[in-house]
Structures are given as structure tokens and as C-alpha cells.
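Per-chain residue numbering starts at 1, and chain names A, B, C and D are given in the order in which the chains are listed.
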Amino acid sequence: MDLLYKVFIDPFVQMGAAPDLLVQTMWEGLVAGVLYALIALGFVLIFKASGVFNFAQGIMVVFAALTLVGIYTLLRNWGLQPSNLAAFLALGLTIGVMFVLAVGVERLVLRPLVNQPDIILFMATFGLTYFLIGFGELVFGGEPKVMIANELYLPKGAIDIKMLGGFVQFQKIDIAAAVIASIMVVSLGIFFQRTRIGRALRAVADSHRAALSVGISLEQVWIIVWFAAGIVAITTGIMWGARSQVEFSLQIIALKALPVLILGGFTSIPGAIVGGVIIGVGEKLGEFYWGPLLGSGIESWLAYVIALIFLLFRPQGLFGEKIIERV
Amino acid sequence: MRAPGGTDVAVGDVLLSVENVSLSFGGVKAISDVSFDIRKGEIRAIIGPNGAGKTSMLNVINGFYHPQQGRVTFKNQTRSEMRPYEAAYGGIARTFQNVALFRGMTALDNIMAGRTLKMHSNLFWQMLRYGPAMREEVEHRHRVEEIIDFLKIQEIRRVPVGRLPYGLQKRVELGRALAMEPDLLLLDEPMAGMNMEEKEDMSRYVLDVNDHYGTTIALIEHDMGVVMDLSDRVVVLDHGIKIADGTPDEIKRNQSVIDAYLGVAH
Amino acid sequence: MAPNAAARADTFPKLLMRNAQVFGTRPAMRHKDLGIWQTWTWAEVLDVVRAYAVGLHRLGLKRGETIAIVGANRPRLYWSVMAAQMLGAIPVPVYADAVADELAYVLAHADVRFAAVEDQEQVDKIQSVLERVPKLQLMLYDEKRGLRDYDHSRLHSMEDIIEEGQKALAGDPSVRAWLDGEIAAGRGSDPSIILYTSGTTGASKGVLLTGERSIMAASDTVAFDKLTEHDVSLAYLPLAWVGDHYLNYAQGLVSGFCTACPESSDTAMADLREIGPSFYFAPPRTLEVLLTRVTIRMEDAGFLKRKMFHYFVGVARKYGERILNGQPVPLGGRLLYWLGDLLVYGPLKNVLGLSRVRVAYTAGEAIGPDLFAFYRSIGLNLKQLYGQTEAFLYLTAQPDGEIYSDTVGRTFPNVDIRIAENGEVLFKSPGMFAGYFKDEAKTAEVMTPDGYVKTGDAGYFDEKTGHLKIIDRAKDVGRLNDGTLFPPKYIENKLKFYPNIREVVAYGDKRDFVAVMLNIDLTAVSSWAERNNVVYGSYQELAGHPLVYDMLEKHVAEVNRSLAQDKMTAGAQIKRFLILHKELDPDDGEITRTLKVRRGFIEERYAPLIKALYDGSKEADISTQVTFEDGRKGAISARIKIRDMKTEPTTAAMGKAA
Amino acid sequence: MLYREAGQFKTSYEADEAVFPILQDRIGVALILVIGFAVVPFVSSNFIVNSVLIPVLVFSLAAIGLNLLTGYTGLLSLGTGGFMGVGAFACYKLTTFFPDINIVILILLSGFVSAAVGAVFGLPSLRIKGFYLAVATLAAQFFLSWCFIRVPWLYNYNISASIEVPTRTLFGIPLTGPTATPLMRYIIVLSIVVLMTWIASNLIRGRLGRMWMAVRDMDIAAELIGIKLYRTKLLAFAISSYYCGVAGAMMVFFWLGNAESESFSINQSFLILFMVIVGGLGSLMGSFFGAAFIWGLPIILRFTPQFFGMPLNAATVEHLTFMIVGALIIFFLIAEPAGLARLWQVGKQKLRVWPFPY
């Protein structure tokens, strides 16, 4: 009885009692969600165009961030002035690195493994993950780093807004993250809907021959999507890095993208966003209001459980195409 | 020697009857208000142009699809909904238009798998593969070998079916269905994509099954020659509607059937 | 111990009873069926056969009557033979692949009332010629499949008959006593079986053999090769051929060894490998096909492997036979051979299923020296024997250690051989036949006044070895118009020793020169074509291909060279040859079931070609009737090229003058 | 080449269905067992036993567990680590509840706990397939590793939040805990692994195995021949988890000696999955190969520089190892997607038809 109360009544009472806290929590959830969404976006891009479930997306984020910081420090040590120039130069170079990575992956991993079963490609991206971890640590060292946020003109500090009889704090970086993420999504959306390449990509999702008919080779398509995923990874990396710091443990949060995908469906860009937000907000609320009941830290699995429950009712996800059994 | 279509097999009372069955996916009507029956020991053909709802009919009969209206009565026992495995337990076996074998398993294992619901040894003995479990394995292996012998596929016993040519795969699939010792055997285009010789073989097997095991058979087939030779009675579907039902000769003469095949608009 | 014990039993049924006592629990028969080797011990076999006999008796089979046995090597068919013999009836095995005509002839001539057949196919075949076999009353079948709806008034399943017999035996003891009486009543001088020889000329004759003689003959060979109840042999040769009846049936019963029946003719190879026989017989053709397969499969092997294989085959050729014959070999050679045995010979024999073979024989026709040497060199104790149905197979055989590819061995113990002045081989032997069934005239024909049998083969005893050498059928040895000797078989065999050549027919008797018609060996030539990317659409196209002609021309040239070696044959060199557009086929009556060419028949059939061969034209048209697998008849016609050969000068003058 | 199959014929289905129908194989296996039990203990150092043999055996068992699920039933799982953990913690609790019951028995019992847990988390498999299911199992993974931290009862409220293996003996010989000799632990582990491998091979060759593979290859057809999908799948989860559970328990009790949540993290799950894939899906033999390969490779890589006397600091070697392992895995998937087991089969076939190529 008492437990039931704690579970079903008390949290909502609290919410009602302190709406400002509720908003604060939801905002944080939202931001986290957006970043999940960004990672999920990387998955979706690649899955959509090459049917590969790219486990390496997480490490790509970390790798991108490390590369950025690494190159920056290098340039600085060479005495490059001013810092902003160095920062943006580093950013440019990082983008270049991600392109090289995309090409490398296509040449050395995807092409030799074309028409292997999904599970094999999945495992290959594991291999890629290991490789990137090793490589990243070898080059940049394993220790945590600070993201060059202000060099990139990312806002600092917070805005306190008085509302609902309390203060709600909005970190500027979070706002920036939300905005940039949205821009990213919209532009990708346009890229997919409007541009010729974009259409080709979607064609690939349906059938590879269709893609060729549009006049784009499979290889090119793969390079493009992996590159795009790389760009997304950089963005995500900068944002995460700016909020906490750049370290390998980041890749675990990449797994959070999986429940997001489950909700959003593996092939839907808007799905990724909506899913991301649901998961982000859901787990923050859960942690904040229900966490204490179970002892804190439930956000490590809550997302998955949410997704799991969700799956049982809608196996193909929010926006995924319906799966029909043929006999 | 033997009258074509095995009419000399005792054609007994009704084994399965379909009454006013209608089935639709979303808006699309696949079958509308179809009724017919299948008698013990007969070979019953279901024919019709593409998209006539033949396969859907089989799927209704063995429980893949659940009709929105109508009833299916099997062995005097009417049911509205049932799972495919219940159909299997009830004694309905089935082969598929495009072979649905277990590609990773050998021909032998595929057919052995057909014996699953006849095997009962518990997990403990299976773990030891001893006592009851082993006895069971041997006993059923023996039955399966008889089927392998019957279908003349001794040479490919240990070959993973994925590597077999199409014709042989069809034969293995038939073997798997036979292993279930069904009362009613549903064959979905058993001769699709076969050359003349293979067709003759397959027809031979279908007749032998019907004759040797006395199995009732319902089959979908496009090759009219085959249908007319094999079957005792034919039901004709077109756009989900039954347009004729009778002996091969009657069907041959039936005007609406001829129209349906010539594609005359209704 | 087997032989002298056997001597006491003078009929096969009595032998069976002895075996049931002496080797009761040893396997008598195995059959690959339903995926495993079903096995019957001698005791079990005796029980089944007794029951079967009782069943047959109740169906009305009487002493002295004949019963046809038609089908592949299956236990129940062997048991049919035994059961019939138990009742004193005479089994008449018929080739399973005999076409309806042959079948009808034999059944009618042997006036059988009963026929024990394998399956629906045979039943149908017999029913198709029923009116020509008026005496036939009952058919028994082994394989039930497909016969369910047949009219069973004159048709019974062996299984049922055996079952009835068992019931009867179980039911009342007097039946058992009666049966023992029947067995005891059998006398060794009674006819035990009639084997129809697919005669190279004219209709086949029924060779009548008696139990006692058969057993005596078999006992000698069993002793000669020290066969015991521990030996195993695979019964894959036609049931109706003397070879199978002798090697498996008679020797099996005498020595008590185990006879294994393959699952089906097309699995015979695999089954051979599984069962791993210790006693093995194969006609040269089979060995040839086997070797061809080996070479072809090795062609696809990797470079190193191929190198290794050829190297060690070389080693084997060098030392193998000497080691097998127990002759001295240098230590290095022994070591190399040992290594080769580890890497090549052992595995090879294993893959071919010959690892455990103790004694292997080949006979029927001359065997190529290379072929023969190959098998012996890899350590297979392959020997030659000479004999014929009328002698119940053996007349001569090669004792261990005295092996020559061009002889057929020493006169066999208790056999008496004499060479007639025309060079024909005559014999008296323990297994000698009792005469041709219902054919006194022919019997008299082949008997000399002093009781010898004419083999119809020309041959002579080799001075050095004391072994018999067979050159050809006595009546086939002809002369060219210039009088030089012309042994067609001799020439044909020399050509057939080339893997690319499957069949040869040579002409020359009463003609100006020797000319041959060749059949390519499809397996060998087609794989050759693949390797040299020669494209062809059909057998006919391949056979007519100029490159194929070139290849065979080389072979013919080599043969001419070797013919030139010997002054006897130097004149008989080949001047012209052609390649036939179709395979010579038993179904068309061109070769016999035992794959001997019917020269006369072919001469009529291909008259235009032969004419062309001798009137010097460069090519000729031919159209021939053919029978397809499914029995349909049709005609194929072709234009066939003819090639001229230049002949070698006689080199023999100096070499073999003495 | 080594094979001499001529004359090895079967006269009964029992013989025909034997695990190793060919004599030479039986000899080979017998040899391996003899070496494993009688030779290795005397020739190999504690280091080898402790950080190579025991872990490889333990992981092999876990890999077999996952293989039953993923390789034979076609259900992709990323929860292996979690299920191993359940086994470990369950066993730990059991030892505290029943200090007098023999540890080996407790280990085998603890498997049942993880079997139950596995079955529960297997429920989604009735509705969902492929990667979706994989994510569902991730839920299990994260929930479980959370439990291992947040439920102090599981580790008896140790401040270290880890489980310490108590000393347990058999006939007075210590099997677990600090005093147990590596050799003793090795022998126990080996025995359990051999036993359970044998059972697994029996299962997959029997009715259940065929049902699993049927579900894997074509679930629709499977249901049609009378296989109840939900029972078959859940059974697969339960049995698979049992194997993983026992492996987990052995990992802690016979190898690590103590463990906390980290030991059963998502990485563990991936590690096992690697082993299964690299070893070969649907092959018991492969599970051993995979475990040996994935576990052995880093060790070898770690020691090669020393061997050649290259002065590399540990960290660098560590990173290089990561890179090389990653690269090798990719290379390997490209070279032989069917895994090491396939290579083994091919090799064996070559030997059987030697000197012929096929």
C-alpha cells in the first residue's frame, strides 16, 4: 500500500508541488535526449543507407572529439595564433580526418564484406571500435581532456529564468547544443529529401540497383553516409565534451542511442529525434522522481526498460515500416 | 494398372470443410465467402489465375491466417482461430510455394525435424542422449529412412539442403511433410519451376503418397495437365471467389473457368 | 578347414546348414539399406531361407523345376537361389538390365514357372512379354513400392511368402522334418543352377552346373587364396554372371565369408569404401574407369599436391611391385615407398575403399600393362585369372609373387589344359559344366571326343613363366589377304589401353589391311576438352572434333610402333581409322552385357563406314537406329571423317629374331 | 591423409548417430582428453594454468552457452555478461547460505538461477527479432549490472561492493579461495567444461537441437511442423543462461577469486560474442577456438615485444593490442565469415579425401 503510494502517487505530488523542478528536470532530459538523438542519427544514417548496424558510432564520437582537441593542442604547440584560428583550423582538419576514416572504412571493411549477413557486418564494426579505441589512446593518450569550447565561440555560463515560483536554470551550452542539433537534423532532413545524393541514399535503402540507376555507385554512397555520420559524430563530440569532458567512457553513452533507435525505428531520422527526447526526458524524470525508491543510478538501465516495454507493443518502432510476415 | 487420380482409393466422408470463409488484409479482400470440402483419401486440387487467393486459402486452412468470417471444420471439429502448430498436431502438413526448408540442416535432419511432434522424451534423457531419448531417436530415424528410401534421396541424406538443386529441395520438403504422417497434406505448387521429367517424378510421388500412405491431399498447381491427371476433384478460385467445383472433366467443360483463364472481364 | 569340410557337403543347401553350425554367429550377408548395413548371421540366413523354401513349396515349386531370378544383388534374391536349391529346384539368374527381348528368350528357353524379381520395374518388364513366356505362372517381388494396386492373383511379396513359411515351420514340427528330408535328398550330381552366357555370337546358351562340381571348384580356389569366414566381399557384379555366382555365392558358402550388397548401383563406390572388402574382383574396364577418375580428380589438385602425387606414383612404379612380390629392394627405395604409402598409396587405397583388400582379381579381357602395374605398385595384390562359365570360372590363375600383366597365370590345381593344334585352349576341370540346358547339339559342339571342353580362345603357354597367354578368340584370329596373321582383339586391346579410347572394333580378316573404328571415352576426353578449352555441344560433336582426331592419331601411331616390334604382328599395323559418332551400347545390341563387342553385328550395322574405310574415301555418312534410356527408339545420323596412318618398318627383325 | 575410413561401416543407427562416427576422430579426442587431464598439469607453469588455461576453459563454456542461443537458435543476445554475473552472485549467496554443501554442486545449482533470469529476459524474443532483440537483451545487461551494484544484499553488504570467494574444500583439498592450487582449480574447471560440452553436444544432435535450428533457419516452417516457438525460444534462453551462469560462477570461484559488477559488464558480453563469431556460429568446437583466439591473442601480442627485446611500455602495448585485435577481427571476418570452426572442417575434409582435392 505504502509502496503503491510511493510509486504511483508521491512522484506526481512532488511534481505538482515543485513545477519549477519538474521543468528543470525535463529540460535536462531534453538536452540529454538531443545528444542521444545525435548519436542515434549517426546510426540511422548508416543503417538506412548500408543496412549496417554501426556499433562504432559511439567511439567515432569520442574519436572525433579527441582528434579535435589533439590537433588543436598540436597547432598551439607549434605556436599558431590566435587560438580561435587554431580551433577552427583543427575543426577543419578533424573533418578531413573523419572523411579519411569514412573512405578507409568503406575500402577496408565494407567493400570486402559486401553481402555478408548483418551480424557479420555488425561484428566488423566492433572490430572497428576496438581499433579506434586503441588508435585514439595511442595517439592522444587515454587521459580525459577539456573540450575547446570557447575557442569555438561556444557560449558559457547559464541563464536563470524565474518561472512557476522558482528558478529554472538553462546552461547556454545546452541551449546551443539543442539549437545546433536541431539545425543538424533539419539540414540532414533536407539533404535526404531534396538533394540528388540524398534521394540516392534513400534509394540504396530500398535497393542497391535503384541507387546505381540514379547514377551513384554503392561505394560512393557508403563513403558519403559514413562521412555524414562522422560530421554528426564531431558535433556530438563537441557538445558532450563541452558539457562534461572528452574521455573514452563517453562511448558507453553511445549505447544509449540503441533504445532511442528502438523507439524511433532504425530507419527514421525524425524518429531518432523524438525517440531521443522521450528517452532523455523519461530517464531523467525516472531518475529524479522514482530513482530514490530503488536506490539511485536507475538511468543506467531505465532507458532500455522503457524501450523494451515499448517494443512489446510496437516491435517496429514509432516510425519504422511495419514488418509483415510472408509465407 | 491404376486409374489416374487414384480414384480407386476409398473416397470416404468429409475430412475438412470450409464454410463461407472470407479473408481480407486491410481493405483488400483476398477470399470472399468461399465454401468447399475435402473428402478422406482424395486428391483435391485448388486452381485459379494468379492472385485468386489459393495460397491464402491454404494459409487459412493451416492457421496462418484467421478468416474474418466463416468456419473451418477439420475432423468434425470446428474452430475459428488456431495457431499453425495446433494444425500440425491436428494432422495437417504443408509444403510451400517457394521451398521453406531449414537451409542450415541436412536433408536427414530436416525430415527428422518433421517427426518432432511425434517425439516425447524429456530433457533429462535428451541431455544424456541415452535410454528413452536414444531409443526414440533410433525408432524415428528408422521411419525417416523409410521416407528417404521412398523418395529415393539416399545419396543426399547428409547434404545441407541449402546446397541441393531446387527439384531435390522440393522432394526433401515433401519428405518433411510426410514425416508428420499427416491426415491432410497441403501442397502449394509442388511442381513450380520443374522441368517435364521432374514434374513426372513429383506427380508419381504425390500419387504414391496418396496411395501408399492413404493420405488426403489438397494441392495448388498451375500445370493444368498435371492437375487433371492427379486430382479427383477440383475447386476453382478467381479473385477470391469460388467459380467452379467438380471433377476434372466437369471443370474442363465449365465456361466461367475458361473465361477466368482467358481473362474475360466479369 | 573350410575346403575339406566343404568336400563333405555336396550341395549348397547342405553347405548352408554346415555354415549355420560352424560359423553360426558370423555375419553371412550385409545389405546397405535404410542408411545402415543390415546384417544377417549364417544362422539367421539359414532360418530365413528355410522359411522361404517352405513358402515356395507351398506355392507349388517342385524339384527339378526352374525359377528365374531377376534383379540387382540383394539378399532376398540370393536367398531365392538358396531356397530354390533347398527344394531341388534350379535357379536361373537373368541380367537385371536385360531388355524385354533377351528376358523373354531366357525365361521361355528355361521354361520357368516361377520368377523371383527385384521390383516394379522388373515386374512390368516381364508382364510386357508375358505372352511369350506361356509357362510363367507366379512372380515374387522383393521391393513392395508401387506394386500395391497390381493384380496379386499371380504376384506375391517375398516378405509375405517368407512369413508364411515361418508360420508353417513354427506351426508344426513335421514341416521342419520334411524340409530336412528335402535338403538331404539333394544329390551333388543334381543341376544346381543354370547360367545363361550372353554369347558374343547368336542367342545365349544356358550353362548347366551341378552342386558337387561347383563346390569342388570353389573349394580349390578358396584354399588357393586362403579365404576364411573372416573375409568380406562386395557383391556388385551382375547376379546372373558366373563371376558373381562363383566369387560371392559359391566361395561365400564354401569359406563362410561375408557377402555385402550395395544400397544401389550408383552408391556402389561409396558402399565399397564403407565396407572395405578383403576380397575384390573387378573386370579391367572397372579398374580402368577407376584410374581415369583418379587421374581426373588429381588434375584438379593443387600444384604441390599434384607434384607429390606424381613423384610418389613414380616411386611406386619403381619399387612397388618388387616389394609386393617380396623381391629385394634397396633400403632407400623401401624408405621412399614407405613414405609414399603414408602420403599417397595408403590414403588413395582408403578413398577408393581398397585399403583392406587381401586378394584382388581381374579377368574377362586383357588388361593394360600400365593399368595393371599401377594397382599392383600401390600395393594392391591384383592378380589375373582365366576361365569361363563352362568351367565355372577358374582355369588358370596367378599365384602370389608370379604376376605378369600379359599372362593369365598357371594352370589351376586339378585343372587339365591342352592346346589344340589350331592354338585353341581345351580343358577338363572339377567345375566343368554338365552341358547346355536343352541343347545337346551345342554341348556336343564344344566337347572333344575325349571329353575336353573347347574354350574358343586361342592361346599358348609361355616358355619362361609356364603361364598361359591368351591372344584372341580362336575363330576371330584371321588373316589379311597377304596372309599375315590378324588377331583383332590383340590390336583392339592395345588401343583400349589408352584412357581416351573406350571401345575399338578392328577389321582386317580377308582384307588388304587393318582398319579400326574407335569410341572415345567421354569422361576422359571431355575433361581433356575442358582443360584445353575445346568447346563442343554433344558427344557427336566432340567425337568428330579435329583435335580429338589428332590426339587419337598419336595413340594409333604408338600402337603401330609396338605392333612393329613383333614380326608376328608387324604386318597387322593400322592403316586407317575413324571415330564413331555414338557410343557402342548394349541396348542396341552392339556390345554384350559383359561389354564384349559384337563384331559381326557391328559390321552389318555400320556397313557404309566399313566400306568407306576400305574404298579410300575421306569421309562417309551414316545413320543408325538407337534406343534411348526410356526405351524409345530413334535414329542419329552423321558424317564421319576417316584418317590415314603411315605404318612403321618392322623393327622386330633383329630384336626378336631368336 | 590420416584417415582410414574404408571398412568403418555402421550396422546400427546408434553407431551411425555417434558423436564421433570415425575411429580416427575418437582416437584424436581421447588423446586431447588425456593430454588435458594427465599431461598439461605436469608440464605447464602456474602462470599458464592461471591466466591461459582456466580463463580459456571458462570463456569456452560461456561461449558455448551463447552459441546455443545465437548460433543454434538464431537469437542475438548482448546480455551474456549479465547472465554470467547472475551465476556468480547466486553461487556466492548459496555458499553463504549452505557453507557445508560442496562447492561444485553449488556452482551447478547457481546455473539454475541464471537460467530462470535468462528465461525472464527471453520473454521479449517471442515478439521481436534480430537487433531489436539484441537491444532488449541489453536491457537485461544494464539492469543486472545495476543490481550487482545497487543491491548490497547480493554481496553481503561488503564495503568493497565485491564478492570474496571463501575457501571450500573437497576431501580436505582446497578447491576455492586463496589456498587452492591453480592445478586443482584447473582440473575441476576442465571436468565441468568437458561434462557440460558433452551434454551440449547431446542436446544439439537430438530433438531439441533440431527444434532450435528449425526456429533459427525458418521459424514459420518450424511452427508448421508442430514446434511451439515460445517454449523452444525460452528453453534456449534458459539453457544458454544456465551455461553462462555456471561459467560466471567458475570465473569467480576458480579463476578471479573475487569480482564486482565490472567483471560482468557489457564489455564481457561483447567479448563472449566475439568468441562465438570468430569461433563460428553454430559450432561447439568453434566456441573453444574462439575463446582461445580472443583470449590468447592479446597475451601473445603482449609478450612478443618482450620476446624480441623491444622496449615498449605497458600502456603502448595495451593500445597496440587493442588496435591489432580490432584489425584482426575485421580481417578475420573478411577472410572466413563462418569462423575458425569452418576452417577446421575444411581442413578435416581435405584430410579425409586426401590425396584428392575434393
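Going forward, a contact is a pair of C-beta atoms (placed from the backbone, for glycine too) under 8 Å apart; a residue touches a chain by one contact, two chains touch by 3 or more.
This one's a predicted model, so the numbers in the text were calculated from it and none came from an experiment.
Summarising the inter-chain layout, the chain whose CA centre lies farthest from the centre of subunit C is A.
Ranked by the number of C-beta pairs in contact, the top chain pair here is A-D.
One inter-chain figure worth recording: subunit A and subunit C are separated by 78 Å, centre to centre, where each centre is the mean of the chain's CA atoms.
Between the Cα centres of subunit A and subunit D there is a gap of 33 Å. For this pair, subunit C with subunit D, the centres built from the Cα atoms lie 57 Å apart. If you average the Cα atoms of subunit A and of subunit B, the two centres end up 50 Å apart. Taken residue by residue, subunit A touches two or more other chains at 327, whereas all remaining positions touch fewer. Shown for subunit C are the residues in touch with two or more other chains, namely 35. Among all residues of subunit D, those that touch two or more other chains are 12-13, 16, 220.
Subunit B contributes residues 62, 64, 83-85, 87-89, 93-94, 96, 100-105, 109, 112-114, 116-117, 119, 121, 123, 126-129, 133-134, 136-138, 141-142, 176, 180 to its touches with subunit D in the complex.
By the touch rule above, subunit A contacts subunit D in their complex via residues 53, 108-109, 112-113, 116-120, 122-124, 126-135, 137-138, 142, 252, 255, 258-259, 261-262, 266, 294-298, 300-301, 304-305, 307-308, 311-312, 315, 325, 327. Considering their complex, residues 1, 3-13, 15-16, 353-358 of subunit D touch subunit C.
Per the touch definition, subunit D reaches subunit B in the complex via residues 12-14, 16-17, 199, 202-203, 205-208, 210-211, 213-214, 216-218, 220-229, 235, 282. Chain contact summary for the complex, subunit B toward subunit C: residues 1-2, 8, 141-142, 145-146, 148-150, 154-155, 157, 208, 211-212.
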